[in-house]
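What follows is a structure written as structure tokens; I'll ask about it next.
The chains carry the letters A, B, C and D, assigned in the order they are written, with residues numbered from 1 in each.
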Amino acid sequence: MTQIGSVRNETRHAALGLTDEKVVRMYEIMVLARKFDERAQLLQRAGKVNFHISGVNQEPAQVAMAFAMDKEKDWFLPYYRDYAFVLSAGMTVKELMLSLFAKGEDPNSAGRQMPGHFGCKRLRIVTGSSPVTTQVPHAVGFALAAKMRGEPSVSLVSFGEGSSNQGDFHEGCNFAGVMKLPVIFVCQNNGYAISVPFSKQSAGRISDRALGYGFPGYRVDGYDPFEVYRVFKEAHERALAGEGPTLVEVMTYRVSPHSTSDNDMAYRTKEEVDFHRGKDAIPAFRQYLEEHGLWSEEREKALLADIRKEIDEATEYGERAPFQPVQDAFRYVYAEASAEEVR
Amino acid sequence: MPVIEYIEAIRTAMKEEMERDERVFVMGEDVGLKGGVFGATKGLQQQFGELRSLDTPLAESAIAGVAIGAAMAGMRPIAEMQYSDFMFPATNQIISEAAKIRYRSNNDWDCPLVIRAPIGGGVFGGLYHSQCPESVFFGTPGLKIVAPATAYDAKGLLLAAIRDPDPVLFFENKKCYRLIADEVPEGDYTVPIGKSNVMREGSDITVIGYSMPLHFAMQAAEELSREEGIEAHILDLRTIQPLDREGILEAAARTGKVLIVHEDNKTGGVGAEVAAIISEELLYDLDAPIRRLCGPDVPAMPINPPGEKHFMLNKDKLKAAMLDLARF
Amino acid sequence: MTQIGSVRNETRHAALGLTDEKVVRMYEIMVLARKFDERAQLLQRAGKVNFHISGVNQEPAQVAMAFAMDKEKDWFLPYYRDYAFVLSAGMTVKELMLSLFAKGEDPNSAGRQMPGHFGCKRLRIVTGSSPVTTQVPHAVGFALAAKMRGEPSVSLVSFGEGSSNQGDFHEGCNFAGVMKLPVIFVCQNNGYAISVPFSKQSAGRISDRALGYGFPGYRVDGYDPFEVYRVFKEAHERALAGEGPTLVEVMTYRVSPHSTSDNDMAYRTKEEVDFHRGKDAIPAFRQYLEEHGLWSEEREKALLADIRKEIDEATEYGERAPFQPVQDAFRYVYAEASAEEVR
Amino acid sequence: MPVIEYIEAIRTAMKEEMERDERVFVMGEDVGLKGGVFGATKGLQQQFGELRSLDTPLAESAIAGVAIGAAMAGMRPIAEMQYSDFMFPATNQIISEAAKIRYRSNNDWDCPLVIRAPIGGGVFGGLYHSQCPESVFFGTPGLKIVAPATAYDAKGLLLAAIRDPDPVLFFENKKCYRLIADEVPEGDYTVPIGKSNVMREGSDITVIGYSMPLHFAMQAAEELSREEGIEAHILDLRTIQPLDREGILEAAARTGKVLIVHEDNKTGGVGAEVAAIISEELLYDLDAPIRRLCGPDVPAMPINPPGEKHFMLNKDKLKAAMLDLARF
């Protein structure tokens, strides 16, 4: 449905340099991530897995930021709700399922870490941990390495608004600011850190903190993926041009409980949650595509069928796959080859 | 006496002490409306208000540091670390500050602070929701460290910790929270910090440990008594800093065969110090080398169930080690 | 030479609510602190003491901030260059000398800690340590205690601009911002953190960081003690009124080497140092007093003679005083009375 | 072979490795123009430029964390902590991150990082410029920890540490910097991580330790040999994690009388693990209880000279303890 000339210039995505194929692909990944997440919740409720931590409602922004990045050159340090981000970066649903079932073939950690703890060198996704915000200085280290080696590489690091109150946020941002490093700091402000509302986490805007580090900070509506894309694209360009870091605060809302272990009704109301659920950006994105002749009911049906099949197969595969053998459970504390050989 | 759960004993201690002493308050992540991720502070905000059951920003160094300031100002803060795995950002405040305030000021200032943190695995928490951080803080003079195994000790030691004039790390075992329940007096009592407790008398082998693995030892001991006629003497250290030297030596001398157990990994753990104390004082009374059965020297346990099980201590592993020692 | 009515209203100090006596006292303490510092440097050079860390050039601002505080009710968490501050808070030169000589009678630590590591409960000065910035959350804890007990007490905490890049700065400020606590954060920006110039410490203004925590931040000229006083007085009033914290960045310059162990000519020029030494606010303050008939050559002479005597006596006392007996060197690791008794 | 100072050996190792491998760089507070507060990085910025001898903001968690990121990205960072007392803000990055990166990613990622930090007292540094932080990091699987006592080992171990594929804490003793000088080969050589070294052969008593106190032991041993005919066998652990079990057991078996020495305080120190290893494996070969001579269990040494002297180990304290053990 790509058109030429004047018409193309009128679409929001074309104005942003996004091809029709890309914008369609963005939509497909948003839906894929949503469906994966819903399945994971079901699997947990059915007792098939112990734990899931959900990214529902944050997917459109995650996909938009990922699409602004360079998958071949950049480095990614996502956080535990970034399913849509890592799917955009190339992780497969099967791999996510292997992680959810904590199976040996899981590329993230061979089933050692919790689901949502991403890491995959092949996809330039840097291994992450549970203690929040430690990844922020790591991202700065990747950016420093890029600068030292003269590589055109940007690092992107995600974290929640609660996590932005850790010392490592401050130390990492300041370091990057001083050295004008190519890094994008992404605060996904979803209103809660477990039970603690944003009003008890900080009395300022997270984006305003950038000023004190000498680089730009933006607050952007997470329900507007095009705007998210625009801001990240710009940040990416600034980074590549040697103009230094950018802090982006993506405003969103966590519609799921914190994790499957959490009962969110102890600290917020169903009305509040439903209000935000109603703002879901996925249907709006679909509508946009349809309005521009890029999507249809049939394509939707086909997509859902494909996704269902993919997730079914991945679930089955994940469920059946073996755990890491216990004789390997204690491996890789240190390199197995001697220092001599690795040199 | 009512039988209550370990976590309930902790909650009750805080509640009763907050009723008794208005300087006492709790602070930490999600300790307010949610009542903590494990429920240890449930109801406290309703009873004592937002300030005395204070939801803090997600920042452990500030939780410790602000609590230290409040303690120096005369309050009696109880700072909750959501998981002990997440207290490492607060290390500098704990080791450089809390532990040294009295000493560095030549007794002009003090720091009566309790830091509560859940330790231990077996809850499918994976690497970072299962760790035992004792060895990091153990050996820092100025700190006291307790790690109760029973509900009775949990309440009594927590009350003692809150009233202690010095900083106390209170390591509660998350696997014990709902699994362990025992008789706990209503109302006020304390368990003295620095005193170990004989959990079981026996004459064949001595098991020395703290926290959850002692329950495995108790189960194993019952079976060994029944099946093999082996009687284990079991010592609960309860306080891991300062260690109860006398209690340790007495228990070791009792049988001459010592097995030390803890879930924290073996190398550099509390058990090394216990072994060192015994080998320093009791060498000639020993009938067997001092053994340790501990977590493996691996960063932390995996989340996948077979891996977790492989990592964790359990009754069978204890029993095998105890039997082997008895037969030595 | 206090005058009445209209004349008083015209003076800068009266407009700020400072009496003539107070403003004269401010000057006296500035000079006292300077002379103490110079003596300490001499003593170190003469090999009488091992170490001194100097606050020269920062005294006028330190005195001004101290005078804006309430000595009976507030809590003070100074840093190692705050000699003029602690002298204003009531510490004596003799006490500072006891600390410099590391003697047993030193109220700060009985000669356990380095000089400049202040602490004295009697003067509401909270014990400090060497690891920088740890005192920031402590100050927030004092403010929290004041809020909980409903006490009209403000805590003031000082640190350098290098130190403001520690995580504890961020975590402490953010905590205080959320709870609107009565605390004043003071960054004494003297241009260097040992050898590292401010340009390599941060790419932003320290004062701008306040925005991200939701409270006001001011940058103030440290060479203008009246302006410093004004800003702190206002911050103090805001704190007492329940309006929360203030961050103040005092712009100054470290004219001495970092400490007596440092050779600053390895990383900066004599010209740069001399330029700043020429901006010393003490002569200007004296001139102000003289212009307002509050000071004279004779008073200056008398003051210098008094100070000299005081410092001579303190030096002699400090030098002769005994060290803490070694049998006490290991005391106070824990409370000596049992928990039972202390209860 | 030229005799060079311990600090010069460290500087030379960095310089030569930076010449050899362009992935290697140093970062830390004041490491640039000033060349470090002790001078360990002097000249590196002049030779290698601002990026490879990088002055960082005053923020240790970032120094560690950024170095970890750079290491994962394929660089070989050497992060300098100005004093080991100031590395505690970086504890979380070191223990939760560096130590666990390989394990948690099942070998997909690694973290070839060196963190250098000066330990030890005796320089009138007071509480916070004198500490030995070994016990905090010791017992964290995934970390390697070395602590050389000689210039030869300092250079060889630092080269080995930089080339090691895993994170290594390199604890250099600030009292050794200019006091210790010995023969150091020019050019490339490594001292293997994990191997102890017999500093002196003897048949009466065994002294096991690391870092500065070994020099006191060596001096005491010479005097004891001359004056009493007592011959001490002295083992330098050199690497404190992983400990050289075989080396320890061999040295202990050699005399059957063991004295363990370190400046870090006694309780919970590396010496406890050494004692535990011996008492676990060699109990029947011992002719005396295992003794430890260590720093006192006090937060840190005071700055006043008599207090500092009272706190520190020295030749006389070593000699007395060694004599006493020999006479046992």
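Everything below uses one rule, namely that a contact is a pair of C-beta atoms (placed from the backbone, for glycine too) under 8 Å apart; a residue touches a chain by one contact, two chains touch by 3 or more.
Only a predicted model underlies this, so the values are computations on that prediction, with no experimental measurement involved.
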Chain pair with more C-beta contacts, B-C versus C-D: B-C
Most distant chain from subunit C by Cα centroid: A
Centre-to-centre distance between subunit D and subunit C (centres being mean Cα positions), rounded to whole Å: 37
Mean-CA-position distance for subunit D and subunit A (Å): 41
Mean-CA-position distance for subunit C and subunit A (Å): 46
Numbers and ranges of subunit A residues touching at least 2 other chains: 109, 112-113, 117, 129, 131, 165-168, 170-171, 174, 178, 200-202, 324, 333
Numbers and ranges of subunit D residues touching at least 2 other chains: 57, 59, 61-62, 85, 88-89, 92, 96, 100, 103-104, 127-128, 141-142, 297-299
In the complex, subunit D residues that touch subunit A: 25, 51-52, 56-57, 59, 61-62, 64-75, 77, 89, 92-93, 96-97, 100-110, 141-142, 144, 160, 163-166, 193
Sites on subunit B touched by subunit A in the complex: 29-30, 32-35, 37, 55, 57-62, 85-86, 88-89, 124-129, 296-299, 302-307, 309-311
Residues of subunit B touching subunit D in the complex: 61, 85, 88-89, 91-92, 95-96, 99-100, 103-104, 127-128, 135-142, 241, 243, 264-265, 267-273, 275-276, 278-283, 286, 288-292, 297-300
Contact footprint of subunit B on subunit C as seen in their complex: 75, 107-110, 112-113, 117, 119-121, 126-127, 129, 131, 134, 136-148, 155, 167-168, 170-172, 174-175, 178, 324, 331-337, 339, 342-343
Residues of subunit C touching subunit A in the complex: 165-171, 174, 177-178, 180, 199-206, 208-215, 244
